[in-house]
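Structures given as structure tokens follow.
Two complexes, one shared chain (chain A), two partners (chain B, chain C).
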Partner chain A sequence: MAVVIDRRPLWIIILTKGFRPLFFIILTILFWYMMTSTPPQGLTKEGLRAMAIFSVTLLLWVSHALPLAITSIFAMIAVPLAGVLDTREAYSLFGNEAVFFILGAFILAAAVMHSGLSSRIAFRILERFGRTPGRLLLTIFLLAAFLSFFMSEHAVAAMLFPIALEIAKALDLKPARSNYGKLLFLSLAWGCIIGGVATFLGGARVPLASGILKELTGEGIDFLGYTIAVIPTVAVMLFVGFYTLKRIFPIDVESTEEATMVLSRKNRNMGKMGYGEYITGLTLLITVLMWIWMGKRLGLANIALGSVVVLFLFRVVRWKDVEEYVNWGIILMYGGAITLGTALERSGAVEWMVKSSLGHMTIGAWSLIALLSLLSLLLTEGMSNAAVIAVLMPLAVGLAKEFQVDLKAVTYAIAVPAGLAFSLPMATPANAIVVSSGYLKVKDMIKAGVLVSLSAWVVFNFMARVYWPFIGIGAG
Partner chain B sequence: MEDPVLLILSTTRTSPGAVDYAIDLAKREGRELIVLFIIETDVVNEVFETFSDIGFIGDKPSSRLTEAMMREFRQRGYAELKEVEERARKKGVKTHSIIEEGDFIKKALWVMEKYHVHRAVAIKKRRSAIASYFVKSQVLKLKELAPCHVEIFEEEKEK
Partner chain C sequence: MAKGLLVEDDYMLNPGYLKLELMLKGVRVDRSLFEKGLIREGLPREGILGNLDLILPEETWVNVSFQEERARSSPYLLLERAGRVYITNGKRDVEVRLVPRPAFYDKRTSTGIPLYNIGVVHGNYIAISPVKRCEFFKYQVECKYCSQEDEDGRDLSLYSIDEVLETVEAAYEEGKAHIVYITMGFVSSPDGGIGILRPYIEAIKKNFSILISLEALPPKRNEWIDEAYACGIDSVIYNLEVFDPELFKRFCPGRAELIGRDRYLEALEYAASVFPKGTVASHLIVGLEPRESTLKGIDYLTDIGVVPILPIFKPIRGSQLEGMEPPSTDEVAPIYAYLYRTLKRKRISMRWVKDMSIVTTPIEGRFFTEDRKKGSPFVTISNPRLRAKAAWGLATIRRRLRVRQRGDE
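Moving on, here comes the complex of A and B:
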């Protein structure tokens, strides 16, 4: 066996080999220091401890040193152990309506995928509309967005990715070299990203933001109201996203005939629509209508879970199927995030942070929205969407109270940009998968993504300033 | 039979210059060319973990996704091996192709030892100076551990 001598400076070797233990040692020291320090004026002992837990959780979420859900467990147990909330209250936050809504929505999406309905819709639409290179791209882009209106954008990306690979193979696109390959995979990822912010169902971000808002203020966000506020931004961003992609990577294929043949074959192989697909589709449709028209009266989580029961009544899914499609870590992640937000608010840490940082300033409502949306947009490129919400929402609520800004407006200013991560692969699973495919490189994603991210911020703030007052979302 | 020359390709490393060099080297020295294509499973595992840990997608869709990626990488590997074989055949060089899945260094060392490789040609990914300083290149590590001489080519810049 050869002996290898590492000739790099000692400090580099120690840093690279011992980075993980060193990181945890520093984190422990920071945590211990904050927990045992004397609180500054105006901050309670519980507030300082809540901030210590918040800081450690934030660093763990950003660094991915632990899985997100495990970091949430840390927050969950640290809050009662540090005496910030009592144990019963801390654990009761797991039972938040938002957590159960997210769970219900994920189980519904699982049924849609398990029944094959989502694949059937995808193949049929792609075959029907994707006859030319430009139209095929646009169809993928809009299909990804449309499906993300009704199910998690991550699930949509996972479902459409193998189809995109088959199209690339059929067209003999060269990985990392073909512009059409880049366009194909970026259309998929960005369609999912943009579509994912349109409703409560595109991801768990909006329900989480709504859950934190409700826990901290008693106010909530309704299903239809959110979509009405956001849909113009989504429509403009779909146009901007697609136009930008086509400008940066001009189409370099003449025909998509081979791809159409593959899609037609796949479509034929699906056979006739089955009982399970009909029931699942109908259940989803009725559920969405109920969320829209009866969401406030019946409760979003009750409707979601009621629909899950219906699916089981009709034997469309079995529990085993649900387990294969849903990652239960989601309950820990979102339950922990709500607990952390509540701990920060109840301990007075949020109020102290707001007063000691921006309290002496006068910030206009629209400036605050611009600032928060920018912060959310920047953070989401480096950390998970849900973590951005968990980190920013308590602070945003505190700022909204201090400067008397509409709570809904600040919630949207965090929740919407938190989903718009276009530039980096680690920002969201859809980006990670398309870069891993090898059809595009990170620099391709950054080149187009930075431009679209900037556009998203401008479009979002323009809509907030011009459109929101018409639908009753004011600044103050 | 003389000990062969080894050309190491992978899902993330390719360079037409390196391929030509390896073929010419085998021809010049009258040796067989072993073309190894390594499917780096860590890329696929990372995707699985991202979907599972961040996207909270269940095992079934995540597994389907990674299976699709592995299938794609395998097809890509076979296509690349075929292309190299064709180029070598035109120059009259005998080739033996191998496709392996797993860790880049382990698989490359395993083939070097198994076939008593005389000389190897590997491709280094283009990386920033900072990244190179903090995270040592897999190919450089391989060079240090290899029982034979390893010639390193850097990925060509995109035109």
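Moving on, here comes the complex of A and C:
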């Protein structure tokens, strides 16, 4: 059924609905006021206008009053119309390499899912290793993490969700009451979340952060370098996450025999591995190897899009299939975010914000990383991951320049925690998907999520402080 | 005898009593009314569809049988004097108005079907059954008082959307209908027939600013009640008919076996939380169960926000209860009084169920109470078309506010 009837008292509905036009009226007044005010000392007129656009965009991203992509389109058109950047330059930023890398990664993930390769891997691994309740959970957790190394964590969550539902039904778990039900779905979500920060492919956050960094400073982040910097944090968090889950929700089933039977049946139904799966798997493997070894030389986006062309040459995927899986809204959003970040930087707004807020203070490199990572971790629970990056990256780059901190370090300090949203369903699609199962309640997610979020911040900062200097990422 | 005479005088002076009397006993029609063309022979259909609609004093609408057997022995005579129409019992005359036969009854659809076959006007609404189907007959569990010809559950007739639209348009343009009253019998699908009716409802809503009532059987799940509201239905009537559980099983075996009394009550309660106050109703037939049981039913239904509508049991020729005696006016009048007082006390709106000619409406229950002299409590816009538009506008705004698509969440 497609409709829901809001049965609250009418006056509450009217108030709720009335809030939206009121919000837009206030936003318009705020925008107009900022656009027409005299800039404070040290800030250019273009800088003030860039800040006005930034403020409105930030409020729209946080409030979700408009879809994220539409907010980005607003930013993209407002920047040239306000005279912050000229039209040609503003739109050319949409052609950033990061945007095309994300597009390529989406299409590759679409091919993997469409070919059935990802489902086959999931069924094989779960059937092979998930023979006891504890091992089945661990397998789901690690499988979700592993797949999220190579595909968007959202796609992995969506792919594994029906499998987890079938397992829950086969085991006759009671929705919202069974601990094992909660463990099953939280393992799935958290596996995706933790695994999703391990590489450029787990989400579009890192490519976006890299894209903004490149636009603002000319420096980039390479595929392998990022993964080397982050993988110890991921490994520790996988351990911490799984241990925390089992401690908070002790396993309350004794056997998973019925689930194994379901998985065996599914596995049998998959039949033999087909031509499309072989080609897709091989292409993905070669692509990842090229990203690792030739990423700097050939360019990440070129490799991604080159692989897409190969997939179409072998006819393992059709454009119609791709359209079903590619989130064009995210592509638009990223284009707008990069444009906005660049507008803030070039107009001098970032420099002014940094100087007028923290300019008179002395902040150590590690304190700055701790502060930025905490901010990113907190914001990501209420905002889209990408919006957190779009909002914080220009500011972080400004602060890094001011306090002479390694640009890569501050980029990681924002990009990694922005992906670690454990506590709320609205924080990331993986959480929303598992809550929709009915097997866990929001309070279950919050109870476990707050603890793991805190652990994630500690682990990330510990690794930054202890491990990063060994790989050449330092304080400046 | 003197007391009896007095009571009869009261009947004539009180539109509530007179309505009950006329509904139960029918009316004889003086030949002069036919000769002067004030009344034409009824529609070639039996039952309420071939009756007369009259307006008694205080704008009290009544649908009166004049062709059926029982009308021939009625103590009431409809006659005309000097251009005015009266009802007389031989001792006292009461002036009434004849509701003119709608002109659209003489028209046909572009496919050749007489419009009165598709829609019949009663009071301020036009009753339409686009699909005449009741699968109770298929399972041989039809209600005992029903005489529908549908004996094997097949569609007796299925009018196309265009045919229904042509009928509604004709009635609407003539100003004869401010509400479309769609009825449907039992269908075994989980949606209670909404799937079949939705195209009709959407087409009517798209083309006319008019309210729609649905009289049907409750769907299996509440989500379908949401769908019904969302697709444009403004009022629902799920007729329980009999409140006493045992008598419910006896008189309505299909409703009891295939839907269940509990599901009826659950669906009514849920519908009352979805639809505007006073727009969810349920029939309890007066005369099929003891008075106390009907009163309990009134209490229960009003507690969950449902307006009980109390049609009087009248044996229908061909039904299994053909030989059962209907209740008398004196028996039913106190029940209407109780209904009126209960709705008033519980502040449940009686606005929706008014100006109906085939039943005594809850607001007409005031005729049997201390509020008899107060007149209609409704303050309304005097222009009926403007009033209907305003009601439609408010209903539309409410629907826009309340209905959300799942993706919007």
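As a working rule, the second predicted complex is superposed on the first by the 460 of 476 C-alpha atoms of A that agree within 3 Å, B and C clash if a C-alpha of one lies under 4 Å from a C-alpha of the other, contacts with A are read in each partner's own complex, and residues count from 1 in each chain.
The definition used in the following text is that a contact is a pair of C-beta atoms (placed from the backbone, for glycine too) under 8 Å apart; a residue touches a chain by one contact, two chains touch by 3 or more.
Model, not experiment: these values are computed from the prediction.
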Subject >> chain A residues touched by each partner, larger count belonging to chain B or chain C >> reply: B
**OP:** Give one of first, second, both or neither to describe whether A:W468 is in contact with chain B, with chain C, with both, or with none.
**Re:** neither
**OP:** Please indicate which partner A:F460 is in contact with in the superposed arrangement: first for chain B, second for chain C, both, or neither.
**Re:** neither
**OP:** Identify the partner contact of A:I14: answer first if only chain B is touched, second if only chain C is, both if each is, neither if none is.
**Re:** second
Original post:
A:P429 contacts which: chain B (first), chain C (second), both, neither?
Top reply: first
Original post:
Once the two structures are fitted together, what part of chain A is touched by chain B and by chain C alike?
Top reply: 2, 4, 6
Subject >> chain A partner contacts - residues on chain C that touch it in the complex >> reply: 223-224, 226-227, 229-230, 273-274, 398, 401-406, 409
Subject >> Contacting residues of chain A [partner chain C, same complex] >> reply: 1-7, 10, 13-14, 17
Original post:
Residues of chain B touching chain A in their complex?
Top reply: 11-12, 43-44, 46-47, 50-62, 64-65, 68-69, 71-72, 75-76, 133-136, 141, 144-147, 158
Original post:
Which positions of chain A touch chain B when the two form their complex?
Top reply: 2, 4, 6, 8, 12, 15-16, 64, 67-69, 106, 110, 113, 152, 154-155, 157-159, 161-162, 165, 169, 175-177, 204, 323-327, 329-330, 333, 384, 428-429, 432-433, 436-438
